[in-house]
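Each structure below appears as structure tokens.
Each of the next two complexes has chain A plus one other chain: chain B in the first, chain C in the second.
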Partner chain A sequence: MTFIRPNFRHPENHTNEIGYSIKNYEGALSTLCAGCGHDSISAAIIKSCFELNLEPHKIAKISGIGCSSKTPTYFLGKAHGFNSVHGRMPSVTTGANMANRDLLYIGVSGDGDTASIGMGQFAHVVRRNLNMVYLVMNNGCYGLTKGQDSATADKGSAGKKGVPSVFDSIDLCQLALQLGAGMVARSFSGDKQQLVPLIKAAIKHPGFAFIDVISPCVTFNNTPASTKGYEWVRDHLEATGTIDFIPEKSEITIDYPAGSSRQVQLHDGSELVLQKNANDYDLSSRKAAMNRIESVKEAGNILTGLIYHNENQGDTHASINTTQRPLNALTEADLCPGSAVLEQLNAGLR
Partner chain B sequence: MSQTQPLAATNDLVIRFANVNGSGSASANNLFSKAVFRLGVPVSSKNIFPSNIQGLPTWFEVRVNEQGYLGRRGGYDFVVAVNGQTMVRDYQELLPGGYFFYDSSKRLPDTFQRQDITLIGIPLTDICNANYTEPRLRQIFKNIIYVGALAYLFEMDFTVFEDSIKSQFAKKAKLIEPNIQALRLGYDYAAQHHADCCGLNIHRRDLNGDQILMEGNAAAGLGAVYAGATVAGWYPITPSTSVVEAFEKYCQAYRVDAATGTNKFAILQAEDELAAIGIVIGASWNGARAFTATSGPGVSLMSEFLGLAYFSEIPVMLMDIQRTGPSTGMPTRTQQSDLLAAAYASHGDTKHVLLFPANPKECFELTVAGFDLADRLQTPVILMSDLDLGMNVHQCDPIEWDDARRYDRGKVLNQQQLDDLPERWGRYLDVDGDGIPYRTIPGTHPEKGAYFTRGSSHDEYAAYTEDGTVYARGMQRLLVKWDTAKRLVPAAEVSGQNSRIGVVYFGTSQYAAQEALDQLRTQHRLDSMRIKGFPFGQEVAEFMAAHDTVFVIEQNRDAQMKTLLVNELDLDPQVMVPVLNIDGMPITASFLVAEIEQHLESLSIHPKPQEA
Partner chain C sequence: MKPTDTKDPEYFHKVVDCQYACPAHTPVPEYIRLIAAGRYNDAYMINWQSNVFPGVLGRTCDRPCEPACRRGRVEEEPVAICRLKRVAADNKTDISDRLPAIPTEKNGKKIALIGAGPASLTVARDLMPLGYEIDLYDDQHKGGGFMRSQIPSFRLPESVLDEEVNYILDMGVVTHFKQHVTSMRDMLAKNYDAVFVGTGAPRGRDLPNLPGRQDGDANIHIGIDWLASVAFEHTHKVGKKVLVLGGGNTAMDCCRTAIRLGGEDVRVVVRSPKSDMKASPWEIEDAEHEDIPMYENHNPKAFLTENGRLTGMVFEKVEPVFDDNGKRSLVPTGEEVTMACDDVLMAIGQLNSFPWIERDIGIEFNDWDMPEVDKTTFQTSLPNVFVGGDAAWGPENVITAVAHGHQAAISIDLYCRGESTAQRPAPEVNLVSQKMGFHDWLYDAHISDDERQIVPLIDKQQAIGNRKLEVEKGFDALQGYDEAMRCLNCDVQTVFETDRCIECDACEDICPVDCINFIDNDEEANLRENLKVKATNTDQDLYVSGELKTKRVMVKDENVCLHCGLCAERCPTGAWDMQKFLLHEATAGVKS
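Our next item is the complex of A and B:
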């Protein structure tokens, strides 16, 4: 979508606690189609980072290839970005994270990028429990090549060409759950109320956090026969309880009915408050989450919201016992054993 | 039929050990070759092993040569035949006058009727059965017993073996005495039954100075530690696996923070080679030194990512331990057949820097140099080792390190430098004419230096572009960088006799090529050049231009180095004569001499055509 963004900002446009305005979190103008769900997700990322008072340059945004993977250009212009190769965002993010554990890693991928060409890398980055936010902008089709079905297109769902998909779809949330992700969520690009707190929770999650965001492709997959179109998705959402993100210093002012909410203390002192629905399950039970996804699916609906949350899984660095200092900050003095050691080694080789 | 004289030589012989894979023979055979080394006599050993864990035939070739020739010679003077499966072949391939050492617990088949060799039967199984009850010990000590027998037959100083056993089992002292006893059993039996029957001897010399014995892969792994690599992504593949294993071993020894017990390194076994190099690219992009090691099939898989690193200009250190291709090929045999795949890996116009080590010391040095080059040039650098170099123990000069040496991290701007820039920074802007732009590392500066890295076409400021002129400008600038690389890669070693005929070689062909050149130069005037890097420097172009005929020695079918020379230097292919070995075994001097002699004759170049 090409347009000229107005420079005008409301004079009372406020700044966050570190003195940045929302503008500091924006990126270049989007070149996606007007109405693309992906732009809404970019806006939600911008809002989340702004509200969490994150320094933009301490974030690295990494993507694969596809419409979704173009979006990192459109948010966080002060952050380094890396548009890598198709389906390989997870490995590049893994390397980046190994080099510097102090940055926040936002990985952006699409359904083709993750559920097809990048399936192997997706599975293994979950297994490694890399500390990152893994966001799939899921529209059920290949947009840049003009609308072919992707592996998340539901059986029987049809896009612009009107040919129903003949294969079963892959449910990325179920996959992430099975592979052991510490946080699994699903949302809808049109539901900012739900999406922003989920992104915040994912950012604060100290390990692998996965969000599958259904994001309609207005050009190729927004037909009445598509299960990834605005109309169908709006009509078939079934959310787990609402989620609120409460920063460390904030006073909890929302009043929840007794017994209906659960507070989750995060590692930095902030809290997630989950307000349960009547039929909700234990969000820390992988088995219950799996069952719930299946039963909602059987009813013909899509389960959204926070689906699974276990904040005590550690991350890759914990598993391989890496030093707290970022590896990219270590110098010769830290890394090179020197000539004396080499002399000993030589002596041992004679 | 004339009677063939038994071979007689001191410190000049080739021994073949024929064993069964997984029978524990490797450590016994290494004990033998190390004893030769410790006697001060140059030695080289080749482990010729199957793609198998247990049961298939494996051979171990040891060449003892006091002139210092360490390549494969070709032919066997002495065979230790302890594998029934290959006994016929081992018997037949022994040179006339040679010695056939076998387990005489079982009679040799009647078909074994050669009159031109000497049989040395030692009842290894019977000796073991008489001395050991445990089956496992019988197997292990059988190997040690034949080493003891060889010590007698070759008149080797027995104390060297005793000392080796003592240092090998320094931490398991109770194993020392039983091993020495087993050696003694073999030694004594040979002394009683085979006195004065072997004309081949290995006598003490002092020729090895301060040299070391090391595998190329261990040296490359150690080089990565010294070069400051902190991130390794890898996927297991023969013959490269031991590079990362060595890196890990040395990291465990020298890179664990004493205060916290945490690691100053991150090694991740990835799901495949694509992920392995993806990890390297992500880590290098983020400012760490990172590497991966693989072999030909891995290079094929990594090609797309190599193109990304080339075009988006990210340092990559890749070690290709070549094996016999194509496809799965012969996974446990050596070759130099990935040159083209590595030099031009990936679609579109791409070229990559290659380094060609010839011994373990160079595996170390070129690994360290490779990290500097990758950072300096912001591009992939590929160390072109091979199975022979990587997995065999080689004798070479000791590895050295200058404590004053500093890593060259290339053109990286820090926060202060970004603040001080007089004009707008462009990630892909060549400000000083060497074709290399300045880069920034994520997280460096709150306001400046952020950019979007992409494999799609970009302008000097890293913005996406589909403007063909801008794209072409970027591609041409990469050629300027390529020219800079020509000045930075290690120069070829040229040795001249002012001839019009040249011999070119690289990598592990060095051993055989030097031996062949020594022989050929007694009859012919020949210049030689060992290529150590790609792109070719000026000295390579000059050498090629100065010769009418150039033999190019390679261990592949298609003369890949010749193709690179033709392609990059715009040479007339007719000038070059490929000398190619493709059987998966390290190239031999005798093969080279025969091939080159034959060509010289066909060129009507007769011995000593002109005065020097």
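Our next item is the complex of A and C:
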């Protein structure tokens, strides 16, 4: 009986610009069910970080509880990690981010972890516009506890047990929009062409970037009657447009038909190129985005792709004017300015 | 691309790189697993069935399987397939009860085999169990051909050769040793049902026109004749200073033999650059290990003699020059080099020679004065005469001679039964799922990280002191096990069932070497270009599924697949399965 990932990799799979191979971005071998959408999302995260030439030790991955929240073990094994408490990923990430703004924060959560027990925390981390990637692996159920309907299960959708959900579902993208997220996107674990550029854009986005990734639970919620199963999702996807991530300084080699594409410049010089589809709308308009989600939903479909993008919202640090340096780098001299300053302060209060 | 037709045995056979490259198509991974399991007799018999001389080949095979081995594309070194074969041969117990039964009642057909090398012996091995009567002719006093006269005992102990030759002769082959066949006409007059010519390429090339050749004749030897004369104990010593001309395997055997017969300053002198030497890299390594220097780019000009005795040789130095088409020529530099010597061994090539086949008896000869032999049937224009081994198309190696022998035996059997020799019997193939349960396969899917084991050698001084002492010790059981575990089990195929796939990408994500792609179908060249990792090795096929629900196809580049089974392990629907593909080449007697 063996279940060990071999150490060999494709000999022609080269290292990235900072000399790391894809192996440096992998984690432990997954213990999730074979075919779980979450594993594909892990693979997309690995690919994104590898291609963006990120240093794994400058990333922190934080999660709550659930099959989805287990995945940080299976990617970026060399990064920092905190597998926290059910629904508490946002507050742990907030604390870490406040203490050290130099790391890249990837928060991984599930639909249960976010839309049920963690709903309060979710609302506030969006509202504060914490600089992080918030990724929900959304399978419409509580996978880890054997598939109970979650708050994102659509009304009428039925999992393995066969009982249709009686409640209306929560659309996390709409919620994020409403609460003021700077970047909102939706994707599907089975579409890495779309997911990888979205993750890259989210990583590059300064401030809160939210991606709701529909990620089928093959074991409990992959029935023909489930709106989160592979088949149904594939048949009902409607993208806002196709998306390419063009890293800083690189030439655009793809030929985009004139008039049909739009470039979105990101703050670090990289670019998102969006191939508009027939129903193009202003991506920086919250109202337009809301409308689009609603009208696609009315037609019985799921809107995917980049839904909303606005880089001009300052993040939490900017709002509360915190120190630029990580707290662990502050010395006594920085923290204790001395009696002369205290005198001055006191004098001002007299 | 069209979906891959995995029903065609050729497809999966090609994935088993070693077996496919082996001229006799030995099921390599099958016997390697048996070695790992300590089942040496079983491993030996799988070999014996395919390549007839496992003990001999486990020491001397030219091993075309090893450059082909997938492991060599994944890391530095291929599996030591050849030396694993030796592990099976060295550790087996008595296998005589597993040899095929020979019918006491014969089938009435009589065959003559001329030459007792591996080609003829293989024909005998395949036909004796079918009831044929066989007469074997050879001018040597024992069977084995060049395996006996040429391959030195320090590489192949006589006892190993005797054992495997005798398995065949003991089947009741009637031997006519020490008989040089001088006339095919006379042979045909004996009314054999078929005659097989396995006389090898017995003539060594000479340099008849080089100045001094006649004068120095007493100390100028044709390499293969000299090696035979050493093997048959006619020659016991050589001069202190020996020049060996040539850069092939024969040169390596000559120089290593020379230092064992008293040569103190033995040099190999080659016309070409060393990098172009024809000898196998490991044979060059073995000679260098025995401190034999090689002089490259030296073109022989003259033999020097004094009073009718050889004293040295003159060489002209050359350098390789490449023209616009990359064709190499060796251009003299003008520099001359003289080397003193007592003996010269010429190992500069072998020729076929058929003075004994009359040209008017119906066997057609071609422009190179070689008999016309059919590449598939090994039949000549005289339907009852067959040719194989080195005699057919010039010098090759033992395993090729064996492969020829198998095919010739099939033809002879078909011919004697009055059937068409062109109708070749199909190989026996078998494809069986290896799944036992959760995370549990019938084969060991774990991929070892070990580097190739190094074959232990005996002490160098001791080796050089005795030409009969085998230099290599062979792997011990533990090394054999570790080496066996390096095999990737390429015969355990990844079999994909389009209809079961739900396109969850789990296999694509888990595959450690990025073989698997879900992609829009296209022409082969475009697909190769568009895979996750470009499929640049065009010798390796792409495995293409039928059309999936999303209209895409699954495309797997077979090139560096580790056969680790993770794709099947991670597939939720069983669309992937690991199935063992066992192919046995057809042998004589199998009905087509």
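Keep in mind that, in the parts below, the second predicted complex is superposed on the first by the 334 of 350 C-alpha atoms of A that agree within 3 Å, B and C clash if a C-alpha of one lies under 4 Å from a C-alpha of the other, contacts with A are read in each partner's own complex, and residues count from 1 in each chain.
Basically, contacts are C-beta pairs under 8 Å (C-beta built on N, C-alpha and C of every residue); 3 or more make two chains touch, one makes a residue touch a chain.
The shown structure was predicted, so the numbers you read here are calculated from the model rather than taken from an experiment.
**Q** Tell me which partner A:Arg234 touches in the superposition: chain B (first), chain C (second), both or neither.
**A** second
**Q** On chain A, which partner's contacts cover more residues, chain B's or chain C's?
**A** Between chain B and chain C, the winner on chain A residue contacts is B.
**Q** Considering only touches as defined above, state whether A:His38 meets chain B (first), chain C (second), both or neither.
**A** neither
**Q** Using the superposition described at the top, list the residues of chain A that contact chain B and also contact chain C.
**A** Common to the two interfaces on chain A: nothing.
**Q** Can you name the residues of chain C that touch chain A in the complex?
**A** 73-75, 439-441, 444-447, 449, 502-506, 508-510, 512-515, 533-534, 536, 549-550, 560, 562, 564, 566, 569-573
**Q** What residues of chain A sit close enough to touch chain C in their complex?
**A** It is residues 1-13, 30, 33-37, 39-40, 42-43, 189-190, 192, 216, 218, 222, 230-231, 234 of chain A that touch chain C.
**Q** So in the complex, which bits of chain A are touching chain B?
**A** For chain A paired with chain B, touching residues are 55-58, 60, 62, 72-73, 77-85, 88, 90-100, 102-103, 120-121, 123-124, 128, 316-317, 320-325, 327-328, 330, 332, 334-339, 341-342, 345-346, 349-350.
**Q** Write out the stretch or stretches of chain B touching chain A in their complex.
**A** Touch residues, chain B against chain A: 37-38, 210-214, 222, 225-226, 228, 230-231, 233, 250, 254-255, 257, 260-268, 270-272, 274-288, 290, 304-305, 308, 398-403, 406-407, 440-447, 450-456, 464.
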